[in-house]
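Two complexes follow with subunit A in common, the first pairing it with subunit B and the second with subunit C.
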Partner chain A sequence: MSLPKPVLEREKALKSLSTREKILLCFQCGTCVGGCPIARAISRYSPRKILEKILLGDAKNILTSDLVWLCAYCHTCYERCPQQVGLSNVFMDLKNLAADMGNVPEELAKEALQMIRTGWIVPSSPVIDRRRVEMKLPPIPKVNVAEIQEIAKATGFLNLIPEAKKRGGGRGV
Partner chain B sequence: MRRNDMEKREQLKEDKVRLGVYVCHCGLNIAGVIDCDKIANFAAKLPDVVVARDNRYMCADPGQEMIKKDIKELGLNRVIVAACSPRLHEPTFRRCVKEAGLNPYLFEMANIREHCTWCHSHDPEAAFEKAKDLIKTAASKARYLRPLEVMEVPVTKRALVIGGGVAGIHAALDLADMDFEVYLVERELSIGGRMAQLDKTFPTLDCSICILGPKMVDAGRHPNIKLLSYAEVEKVDGFIGNFHVKIVKKPRYVIEDKCNGCGECVKACPIDVPNEFDEGLGPRKAIYVPFPQAVPLKYAIDKDRCIECYKCVDACGEREAIDLSMKPEEIELDVGTIVVATGYDLFDPSEIKEYGAYDNVINSLELERLINAAGPTGGKVVRPSDSKKPHRVAFIQCVGSRDERAKIYCSGFCCMYTIKNAILLKEKYSDIEICIFYMDMRTWFKGYEEFYRRARGEGITFIRGRPAEISEDPITGNLTISAENTSTGELVDLEVDMVVLSPAAVPRIGMDKLGRTLTITTDPSGFFMESHPKLKPIDTATEGIFLCGAAQGPKDIPYSVAQGSAAAARAARILARGKWEIEPIVAYVYEERCQNTSVKCGICATRCPFGAIVAELNQPAKVISAKCHGCGTCVADCPTSALTQMHFTDAQIFSQIHAILEEEPEKKILGFLCNWCSYAGADLAGTSRFEYPPNIRAIRVMCSGRVDRDFILEAFRKGAGMVLVSGCRLSEQSSDCHYISGNRHTEKRVKALFPVLEKIGISPQRLRLEWVSAAEGEKYAQIVKEMAEQLVALGSEKIKEENAKAKPFLDRMLKKLAEPTAAVPSPGNSST
Partner chain C sequence: MEEAEVSSYALFLGCLIPRHLPYMEVAARKTLKSLGVQTVELHGASCCPEPMGIQGLDHITWLALAARNLCIAEELNLDILTLCNGCYETLKTANTLLEENPHLKAEINKILAKIGKQFQGKIKVFHLVQILYEDVGPQKIKSLVQIPLRGIRVGAHYGCHLVRPSTIMKFDDPEQPSSLDKLITALGARSVRYPRKMLCCGAGLRGIDSTSAMAIAQIKLANMKRAGVDCMVVTCPYCMIQYDLSQHLIQRAFNEVYNIPVFYYPELFCLAMGEKPESLGFKFHRVDPTPVFEKIQNAGL
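So, the complex of A and B:
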């Protein structure tokens, strides 16, 4: 490893991150990993290592893998980080970057598509409706799907979902 | 003394100014760029100049002799040397003119090297013009210079040491050995401080109390030391050499002179309470000494716990040492210097929630008491939940240190004491398993790395990883530490019997109050701040008050001892002289102009971080010259111009502004630079030969806080193209200001000016506020470059137009300055 090149790469990779200055503060103590429920289940997942790789200019490999999508936003690391890097924000940033690069897990894209189509990530079904009546719960409020689609279009959210894009930018989804 | 000064000034008014100007070649440093002979000819034609000469090296003996000869033969009463930075040779030439019988404050320097030839060598013509301006400016100020006398204050040859820990004890002993009387004030019942609580010291494993005990006894017995234990500093007035201190001695309910420390009373007392000295791990009685080696060995009654059964009184018998009606006692002292050695506290680790408040999680000081043979368990290490010996012990480092949520700094000594405690545990119980969780091992002092090596050699496990949490098994009381071993990248769930936390060392309780009492400041971490981090690490911003030990920041024993002795030496430097000289560049009040006599003003007093100005109701503000550091912040913010700063008077600075802006003002950048950082930064730009546009003209003030709003407005009224105000570095968290807070007031004042400028039609980019440190020569050059570019972009015509439009407004705003020499009063005001 020669230093000058990775440093340059690091600059480039980090430039588009709004949490860049915070990431630079990470001193690799491992508090995030020690309390991470995901790291406990999936040994190749380590927030600390993800940050170290970014610091060393290896952001591209991280952003094209599934690693950034594993964070479940429990915010444990966010609370405990002694450098207050704000890992939840960092992962939000990384997920956005990954999505920009076209790296969105299939399942997630499906969920998003579902939401754009129906207004719900988990849409209602006759079974659910029947249960609600049995449990004397009010019916699920109607969602203005057109409005959601408008928002999705205006914010560019649609462009992030390959499936939706294929179908012509939200029309008829 | 003040009256004499004023009289002298009055006399001088009658004299005519006779100015001598001396242009230095500095070899080729100056003469290689500009023609010094021509410059001298120019200077000779300036008003009031009697003689102007040039010389290869003005600072060398022949140059100095030339000045002395002229003073005597030509009757010069002002001298200007155009050469290097005044930060370099002002003291040299002040001495020179003084030797020739001239008051040293009648000397002025024009910096034509660092600020001119060194940074404009590629444009000799512009450099020549700038040098002319700089000399003209110096001559202009020189006309308003007045003789000032160095002030002398008497020094009381006694010292006060606050805090009787290892640092304070050493400061007191050294001063006492130098034959100065010392009052050693200790808040607790006994001196000894934190070191008295420790078991062994690293890396030599000396018994702590065995090496400290004799020093405590020395301090208690020294004929020059008056020990005031169980006492606190209540109030401090006065200034260097003349501090008046009020101390309150809390009642012990035991008469110190009568108590012989026999301890019969303790046997009789029926009350058991946790002993603070043992961190609450062992008991003491309601009548007690905190530990057997206490100095003074005088008992005290804890009145909150005492049930007044009088059994102790009976036990004391004929000695009659117990007096339950004792009241707090006020003691007033006069001392010349004060040494502050108030030490540190431990951070409360319960603030780090994920480490839990479990029985078997203890802190390092608790372990010190447990492992200590004189401690509550007789040196047996047991865990609190079941008093059983732990077999597996984990240490966690940086609890509250290096943590944005608690204390951002490294506490420094925790790595070493943890290694020490681990080695001691291993020595005591060879079968014990020890694991240390750390982020970085910091073993930076003599013999420390060797000690770390020894710990590794003894089989102590080190895991690099900061634990995320501790959980407790409620049945066994055992603890599980969850962490990542960052070296292997694996998760660790380690079950242990006991956990020892290493909490951050934090400022002692009540330090901020003491700081206010002493008018010394604390840094962002809450510890007392030194005057200069490199060159005055013992001094505080208040002259005559010194710091040592952990009061200034976490420190181990040898460092604290060294600082104790250093503080004694710094204090003795003042005490030994018997009198102290103070630079007379202080603030001065024109009582007749001060509006505090009729309305409640007192703004000046709020600006002074040294408590040097007192504004009592219906009285004109009063400057305590010996306390004044001469920043001029109060002067700049006085709404009625009732204050001025000696040697940096309004008249002097206005004369500089006028001289600079006499010709082609719209093409010039006028800079106000503080002496300590920005002017030094500009010097560095010169020394580093950074080229920048030559149209900047700098006026040196001691602090950017001196830059009056009127100076800036006057500059624009006189047609300045741009104005730069620059001080020491400032951020929300910290200020590098050499006068603690001057630049904060500068910031407020200058920022408030932008809307005013906008209103009268002056483009906001024509005023710039910057913070440039003495190390930022490049930044200074860059700022000037940017401003010069903006000046060109705006164009002279536009600037002239803006100025013409603004002038009527500015004339009105500055009406009182219409005739500055007459209307702006100054003790140094000249008749010219």
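So, the complex of A and C:
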């Protein structure tokens, strides 16, 4: 089995999507749309249409839009798909490809920076530290940030975050 | 001589609970202590990392960082106990993928070699709720209850990653789970039926499309209100943020009043075990849970 030609444009797209050959089993039934909380909240979002575009070789338009980042990764489609396409894995692949093309939401770039700089996506706070003492909780274990950064360096993770020089934040509250 | 079986776990705190919502950690630790489950602090561990954003940027980095955390627990020779659905999904997925795929394991170990670590695949990953349900069990919990939560109508919210993807999590049913309902019933409370029980809380969209994140959370709050719940129960800090900390924003955005107190399951557990509400940090909850305490007290009279 092979993927439609336009999808082959990008080597990484090929590598990643072709490992998900189950995509080709999709028969566009729309079961994924029925259970999708995002499709319910955002009318222009449809997991079926995203699959349709990939199958027709139009993945690039998806990869450069914000649609690719709207999947909340709840895995409802993954569980319900009658063809067991493994949808949430496909949507995660698409996010990776989008990031590779420079399409990264600002909030996620901030989260990634926080992770690399501190080892956590939520910053520490002296207010919470004091609250922990009041509640008789032990100090939060320390993390060796150099190890985190070594891993990020090895995988090229920092190349995905063009805002690396900006001040980082978190996505928590 | 055979060693006595003592359950001991490496406690994985994650990000949100220790750094934003430490009252959840208080309840979790009290719950584990009351059941004689021993925990060891996981020194050196980082964020799991978060399965939506960090994985969304790069699956391999996410796997390698998760594997690093797993290695720390492997060094202690202890299974991991998580308090958050997100940590549970990340660590269990990484553990499973690396155990099942030798090529992936080799690739990740090549990265981990740079920091002197190697993933072996010799530990397991559990969620606190899973330990309470599978190891302790609703029957045992029921027998330990000091103050039965009679008449309290609870809406159980499992959260996605406690049970999905089912091929990895292998805990309870991904669409019609019952473990949390049984744990709630074990405390003497009533787990109320309501529509779209397994709907996602929407937290994954926070910061990406916050309006839609609230719209998704609102559906569940409305369904719970219609079902007449006294409170809802969650098993994850992301769900807690969506339903408790954001409830006033959702009320304002939709011009509705819900006022549904939200409990982390261990908080409800502690109350049923006779813990005083003052010792559990309820003052940090955004929706006032006092009406629930009053109802519990009145039921006991």
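Annotations
Here, the second predicted complex is superposed on the first by the 145 of 173 C-alpha atoms of A that agree within 3 Å, B and C clash if a C-alpha of one lies under 4 Å from a C-alpha of the other, contacts with A are read in each partner's own complex, and residues count from 1 in each chain.
Just so it is clear, contacts are C-beta pairs under 8 Å (C-beta built on N, C-alpha and C of every residue); 3 or more make two chains touch, one makes a residue touch a chain.
Here the structure is a predicted model, which means the values were calculated and not measured.
Residue contacts after overlaying the shared chain place A:Ile128 against subunit C, while subunit B stays out of touching range. In the overlay built on the shared chain, the residue A:Ser46 is in contact with subunit B alone; subunit C does not reach it.
Between subunit B and subunit C, C touches the greater number of residues of subunit A.
When the shared chain is aligned, subunit C comes close enough to touch A:Glu107, but subunit B does not. When the shared chain is aligned, subunit C comes close enough to touch A:Ala72, but subunit B does not.
Put simply, subunit A uses residues 40, 76, 80 to touch subunit B in one complex and subunit C in the other.
The touching residues of subunit B, when paired with subunit A in their complex, are 354, 398, 402-405, 439, 464-469, 482-486, 489-492. The touching residues of subunit A, counted against subunit C in their complex, run 37-38, 40-42, 69-76, 78-80, 88, 92-93, 95-96, 99, 104-105, 107-108, 111-112, 115, 119-125, 128, 131-132, 135, 137-138, 140-144, 147-148, 150-152, 154-157, 160-161, 170-173. Those residues of subunit C lying in contact with subunit A across their complex are 13, 15-16, 18-20, 22-23, 25-26, 29, 41-47, 49-61, 64-65, 68, 111-112, 114-115, 160-161, 164-166, 174-175, 198-200, 202-209, 212, 215-216, 219, 241, 245, 281, 284. By the touch criterion stated above, subunit A contacts subunit B in their complex at residues 27-36, 39-40, 43, 46, 48-49, 76, 80-84.
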